[in-house]
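Per-chain numbering from 1; labels A, B, C, D, E, F, G and H assigned in written order.
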Amino acid sequence: MLLKPKQKLVFIGDSVTDCDRAKPHGEGLFQALGNGYVSIVDAFLQSSYPELGIRVVNKGTSGNTVRDLTDRWEEDVIEQKPDWLSVMIGINDVWRQYDSPMQIEQHVYIEEYKDKLTELVVRSRKNTENIVLMTPFFIEPNNQDAMRNTMDQYGEVVKAIANEHDCIFVNTQEAFNKVLEDLYPASIAWDRVHPNQTGHAVLAKAFLRAIEFDWQK
Amino acid sequence: MLLKPKQKLVFIGDSVTDCDRAKPHGEGLFQALGNGYVSIVDAFLQSSYPELGIRVVNKGTSGNTVRDLTDRWEEDVIEQKPDWLSVMIGINDVWRQYDSPMQIEQHVYIEEYKDKLTELVVRSRKNTENIVLMTPFFIEPNNQDAMRNTMDQYGEVVKAIANEHDCIFVNTQEAFNKVLEDLYPASIAWDRVHPNQTGHAVLAKAFLRAIEFDWQK
Amino acid sequence: MLLKPKQKLVFIGDSVTDCDRAKPHGEGLFQALGNGYVSIVDAFLQSSYPELGIRVVNKGTSGNTVRDLTDRWEEDVIEQKPDWLSVMIGINDVWRQYDSPMQIEQHVYIEEYKDKLTELVVRSRKNTENIVLMTPFFIEPNNQDAMRNTMDQYGEVVKAIANEHDCIFVNTQEAFNKVLEDLYPASIAWDRVHPNQTGHAVLAKAFLRAIEFDWQK
Amino acid sequence: MLLKPKQKLVFIGDSVTDCDRAKPHGEGLFQALGNGYVSIVDAFLQSSYPELGIRVVNKGTSGNTVRDLTDRWEEDVIEQKPDWLSVMIGINDVWRQYDSPMQIEQHVYIEEYKDKLTELVVRSRKNTENIVLMTPFFIEPNNQDAMRNTMDQYGEVVKAIANEHDCIFVNTQEAFNKVLEDLYPASIAWDRVHPNQTGHAVLAKAFLRAIEFDWQK
Amino acid sequence: MLLKPKQKLVFIGDSVTDCDRAKPHGEGLFQALGNGYVSIVDAFLQSSYPELGIRVVNKGTSGNTVRDLTDRWEEDVIEQKPDWLSVMIGINDVWRQYDSPMQIEQHVYIEEYKDKLTELVVRSRKNTENIVLMTPFFIEPNNQDAMRNTMDQYGEVVKAIANEHDCIFVNTQEAFNKVLEDLYPASIAWDRVHPNQTGHAVLAKAFLRAIEFDWQK
Amino acid sequence: MLLKPKQKLVFIGDSVTDCDRAKPHGEGLFQALGNGYVSIVDAFLQSSYPELGIRVVNKGTSGNTVRDLTDRWEEDVIEQKPDWLSVMIGINDVWRQYDSPMQIEQHVYIEEYKDKLTELVVRSRKNTENIVLMTPFFIEPNNQDAMRNTMDQYGEVVKAIANEHDCIFVNTQEAFNKVLEDLYPASIAWDRVHPNQTGHAVLAKAFLRAIEFDWQK
Amino acid sequence: MLLKPKQKLVFIGDSVTDCDRAKPHGEGLFQALGNGYVSIVDAFLQSSYPELGIRVVNKGTSGNTVRDLTDRWEEDVIEQKPDWLSVMIGINDVWRQYDSPMQIEQHVYIEEYKDKLTELVVRSRKNTENIVLMTPFFIEPNNQDAMRNTMDQYGEVVKAIANEHDCIFVNTQEAFNKVLEDLYPASIAWDRVHPNQTGHAVLAKAFLRAIEFDWQK
Amino acid sequence: MLLKPKQKLVFIGDSVTDCDRAKPHGEGLFQALGNGYVSIVDAFLQSSYPELGIRVVNKGTSGNTVRDLTDRWEEDVIEQKPDWLSVMIGINDVWRQYDSPMQIEQHVYIEEYKDKLTELVVRSRKNTENIVLMTPFFIEPNNQDAMRNTMDQYGEVVKAIANEHDCIFVNTQEAFNKVLEDLYPASIAWDRVHPNQTGHAVLAKAFLRAIEFDWQK
């Protein structure tokens, strides 16, 4: 288990991270962490390692792209002074290219995505020792599908940045691919993006394995 | 892992099981299993064993005592023809004795509790191969507390029935006790009964261990 | 234009037909026909052929399969005594096999689908001169996708019944395929089933062409 | 078909254009274009010419007169940089003279109407190649009716401006008159102003014909 | 003033009478008489003749035709044992012919209207000494308008029945015509049927004059 | 009839005047004048004198005392430039002394009342030819009742100001007293302040008589 | 203190007793006793005599007269088997005579009131040892007021029945009269019937004194 | 009785004081004092001493700690110029340490609590003659419970400040302890903090005794 006593872990991302968390600050009582993978991660951390006193904060916001993260990085990440930071962004960057093809000002193409995400990692590197980068994903098993194909390329960008900047890398698309061998996408997410609890368990397990969570504890 | 392909697993109980599940039938899309331990159990079963096609149904109802279960056992349990059945009941049987001391017709004392729960197990034994009995619990570390003390006695009854009728036994109180060594009750449940996600993770893990779930899968 | 003065045209189907129509009777003022393709068909009939006095009724109901149509055929179709009847059913018959794979009692497999739909056509043949059969569809361009593939087979069943029973046949999947050469599915329907107005225009145009609507009128 | 690939088409007007569009910007997913003629026009453009990628924006606002358009022309029209602009205004300019005769500050008389509308066309002419001017209308067949009579005069003003400034002219009153030969006004609009879908189809068809839409495509 | 101490006056009719009255019984405190002409009549009776103790009951129901009155005449009129009865019906009988021309089962043509209204008057004649028949109306000054023309014919029927059966006759159309010399219909009722308070004052004054109300009292 | 063609009549006061009028401006369609005496006055003016085109505006605000009127007199009265102005204020000035005896900062005692009301009349005198002053009232027949007694004194102040400043005087208390000879207060107003429609008719008739309204017209 | 350990005390009456209690059964957690005098009585009994375990039930229902109590006496009183019963009824019996003078079928005159209340006491006498009769009241200091005068007569009836049938008598009017020497009615109840918390304290104290509650305990 | 005629009594504190009081000012009609102990105290003061005209104001705010009081002391206490001030604060200062152990910025430890509370008393001492300090409490009978133990220490601080600064001291914990000898905590407060009416009666009685309220009056 990589987390140390009293450490603070901040999650940031889009609607998959948000999941109806408390606003403006996603921390504390009354399901403030939302009802997605962040909540599952926290529940397992607290119940398996109650002695550690890990502090989990959810800063995901629905509809965000990497541009939106850039706008709020100072307030929502830097000022939080996290010991651990987990970033999962890019789904909307890609999705808008496919569901709103004419509204091009909403598209974040791959070069901009790469530049902005790199910049965010660099900015946080100074104060945050541990950064986890999770790929965006599309719950579609056909990798010839146009949007899945683009999403895979954005995932490659995440992988490259993680390697270069010494982050922990979590390949969420790969985690979903394994489940999609047995399950059709519609049983996890009607729109192939917003997962039900099964999909959030896929994400939570991928994250917990990456931080070497001990399931037997 | 004790569950076999295509098996059906029914949960029954009170508000801790219910957790805003779909009514009248707690199964299927759109968070129909509620947002408590049943949902976590299902999410881990589906994401770790997608090839099994396990079918999970939530039949918990808020406020129920063992008397209420008796009234609806035929329709909500027998007619479901479950391969696996999990029962967690007794919290309200005890709680009403402490929060509504004058309304004695709402109290279910320990002899009636034992008789009725035994009868339910016997009725289901004919058609259901696997029965899991989970103890009721009170998220209070002081075992000299009057209500905690009573709850422990009801837990002993559950244990005895499980032994006698060859059920899998899950000691939820014990699972909570371990966490309570480090956490104060109010951080898990303001009323010491309805847990937050941390508490539901305690319950889900206790159940999953009992069915020999493989966390590495 | 095949419709004659004062004729009555009844549409029946699932949520794609329903589109929030008035209940229990979808006819008349205040957007009673819903906001989908039925409404567009009616608006074009009334505005282009006001002298005909065509009467349009929407009897679609969300979530329906061919089983549900069978249950309400007498009241919702036969008793309406339509001159024209349009049926589009089958999406939920297929979808439940893919989004709820364990709840097999909700699946309507192809043999049952064929038998029930044939029976409905035969029952209405006696009193209704003109029957239009529209295929179910899945807004997915990849015909190797499992659900699209199944949907195509159900579409073939519809075609065969139309041929055998002298109905007008509308291939909605083909109509969507043409549009999907230029548009990604997410721009028409996030869940690839419930279309936006563009998708409903695809359906309305396919229907209007089948009844030889004169666009220049 | 007069529209070219990737062109942007902006509609502006009053409640007949608005029809519950998204605010502040009427474009994109989730029925953002409202449920009136703009939505029908868009649905036919996208479904018949998906390869063109036409971008449609709805800037109609309920209750507006030509005065209100003047106030928001810079932000809602000029800044949009449309290739095509469609304007339908004047109903409220006239209506207030008849339903609120004492509140004269709400009346926009014909001279002011002519001046302001001319000014708007002139302002947009510099940047927008194609301007469509649609007349206001009153769904009343009796042209001796006082309000209908006034509305006809405003329609004449629109025609004159269109001629002078080389705009495409759409005579919506004429389009309604044809339908009113067979239908009583109350079957299209209870208040003779806000049409149902039949009335919006009249408007959409008149617009689509003006831009030489190919119905056979 | 024709009303005597302690007499009971029942109004029956459609939405113009109903005006959001209390259901099922329109009498008593808290604006139970609705907000239309019935309420104005009652307010003037009570404030000018407080010593009489007149009892006013509103039994109007939105959407009613003479057919609906027939169905509920026993319960809503006969059982009330009114000393005075006021009937204003027929607007919907005519309106449906014009706003829903294809739904002919909703039309009440003039012969049926005459027969049914006559029958109702005859049934009430035995127990109710004073019957007031008010014509239906259409707030449209052009008597060549198709619906206005039909409404006038129904008004003639009411007049004939009143003469033959010795009822007090109130010509509401005539009362509105006088006001329409100066006011355009839209300033009284957007749909030319449901009046604002000015229109209800027209109706209330016509009724009060018919019962020889003393305005100077 | 004292009002002349095209004149504007503004009512100002407290909740008895307000009666849920449109905010911020109480004029025009959709019951903007509220549902109290102002609405009745307007309805009778428009229906009996449609040729005059009288413009009625309601500026009553619930809970107001003469202090509140002073604060908003410029905007709500002077800027309206009324030809006629009707003021009814004072109920809350007195009522707070009786229902909130300890909150003395909410009490407006008789000297302040007299000074402020006089000042308002003087300010409006310059631009408004016709001012109607209506007394406050308390629907209590016992003039020895403490609050009724105080209200009578405020009414005397109103009378004196009207005399001195040449205003039309309306004694609403006297109008109510006449009705209270036959009706118990609870049948007009449960709290003896907010009247039902009978009470509002009392007020409307008193006002209409003061302006020499011709009831026979 | 007259109440003994484990005794059950049932309150019945109208809206003053009801005060938004839980329906159908007014007992237990979550403010089930409503927010009036019954709740205050219970709170003082439980906090001063926690060792007694007194059980309090609220069966008041808004709008009730003694007729309504008669209809539900078996179910709401007899079946409850109370050791103590408190009845306060009559306000609506009198009030309807004054606020709805023409609706005479809603009036319960004094003879009927006396007969019905006597009958209820007799029926309960067999099973209930202790009966408290509270007078109805009217928060009006002027005993020449018509409604107050009538209410006093009903109070006399209550007194007579209490004497004859050996009940504890509580004169609520007298209790209010004392307070009304210093407070104007509007500061306790705007409608002189439904008291605020001060008025409910008056009622609670009168009741508690009648059962010899020890305030020093 | 220590309070004198016309004195003003202000209560300040957290949710136990707040109890849904009117915002921003908790005084006057319509249950503005909330539904907790403040309302009971006021109701008894007004009903037993109506001649005194005591003015009670509730300034409690849910969730407040002594830090929040410091922030709003000037506006909510000093500017009120109370003759009497009652302060009950500290529950949240302690609770957050136990229900949100990781969010340390929300914890108010005992030194800060002592300093801030002392400062507030000193600031008010100049203008307010009478100050009542009520201890915070925890409705838990086990004084070895961690949170109860901490709360007792904060109570000791209150006692010391009261002694030093000549305030009236109310030991609410002691008042609850007495009741807890007979009642289990859950019957007073499910979360052991927010009491039902029984608990608020405990608080109100403790306060009233401290000000030498005469229960026999």
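We adopt the following convention: contacts are C-beta pairs under 8 Å (C-beta built on N, C-alpha and C of every residue); 3 or more make two chains touch, one makes a residue touch a chain.
Small disclaimer: the values here were computed from a predicted structure and weren't measured.
Engineer: Which pair in C-E, D-E or A-D has the same interface as B-H, with over half of the contact pairs matching by residue number?
Structural biologist: Looking at which residue pairs coincide with B-H, the repeat is D-E.
Engineer: From the mean C-alpha coordinate of chain G to that of chain H, what's the distance rounded to whole Å?
Structural biologist: Chain G and chain H have C-alpha centres separated by 32 Å.
Engineer: Please compute the C-alpha centroid of chain C, do the same for chain H, then give the distance between them in whole Å.
Structural biologist: A distance of 67 Å separates the two centres.
Engineer: I'd like to verify one number: the distance from the centre of chain A to the centre of chain F, where each centre is the average of its C-alpha atoms, in whole angstrom.
Structural biologist: It comes to 64 Å between the two C-alpha centres.
Engineer: Name the residues of chain H that each touch 2 or more other chains.
Structural biologist: Within chain H, residues 29, 99-101, 183, 190 contact more than one other chain.
Engineer: Which of the chains are touching one another, listed as pairs?
Structural biologist: Result of the pairwise touch check is A-B, A-C, A-D, A-H, B-C, B-G, B-H, C-D, C-E, D-E, D-F, E-F, E-G, F-G, F-H, G-H.
Engineer: Which part of chain D faces chain C closely enough to touch in the complex?
Structural biologist: 29, 31, 33, 35, 39-40, 42-44, 46-48, 50-51, 179, 181-183, 190, 196-202, 205, 215-216
Engineer: So in the complex, the part of chain G that touches chain E is made up of which residues?
Structural biologist: On the chain G side, the touching residues are 99-103.
Engineer: Which residues of chain G touch chain B in their complex?
Structural biologist: 6, 27-29, 53-55
Engineer: Can you name the residues of chain D that touch chain E in the complex?
Structural biologist: 95, 98-101, 142, 144-147, 183-184, 186-187, 190-191
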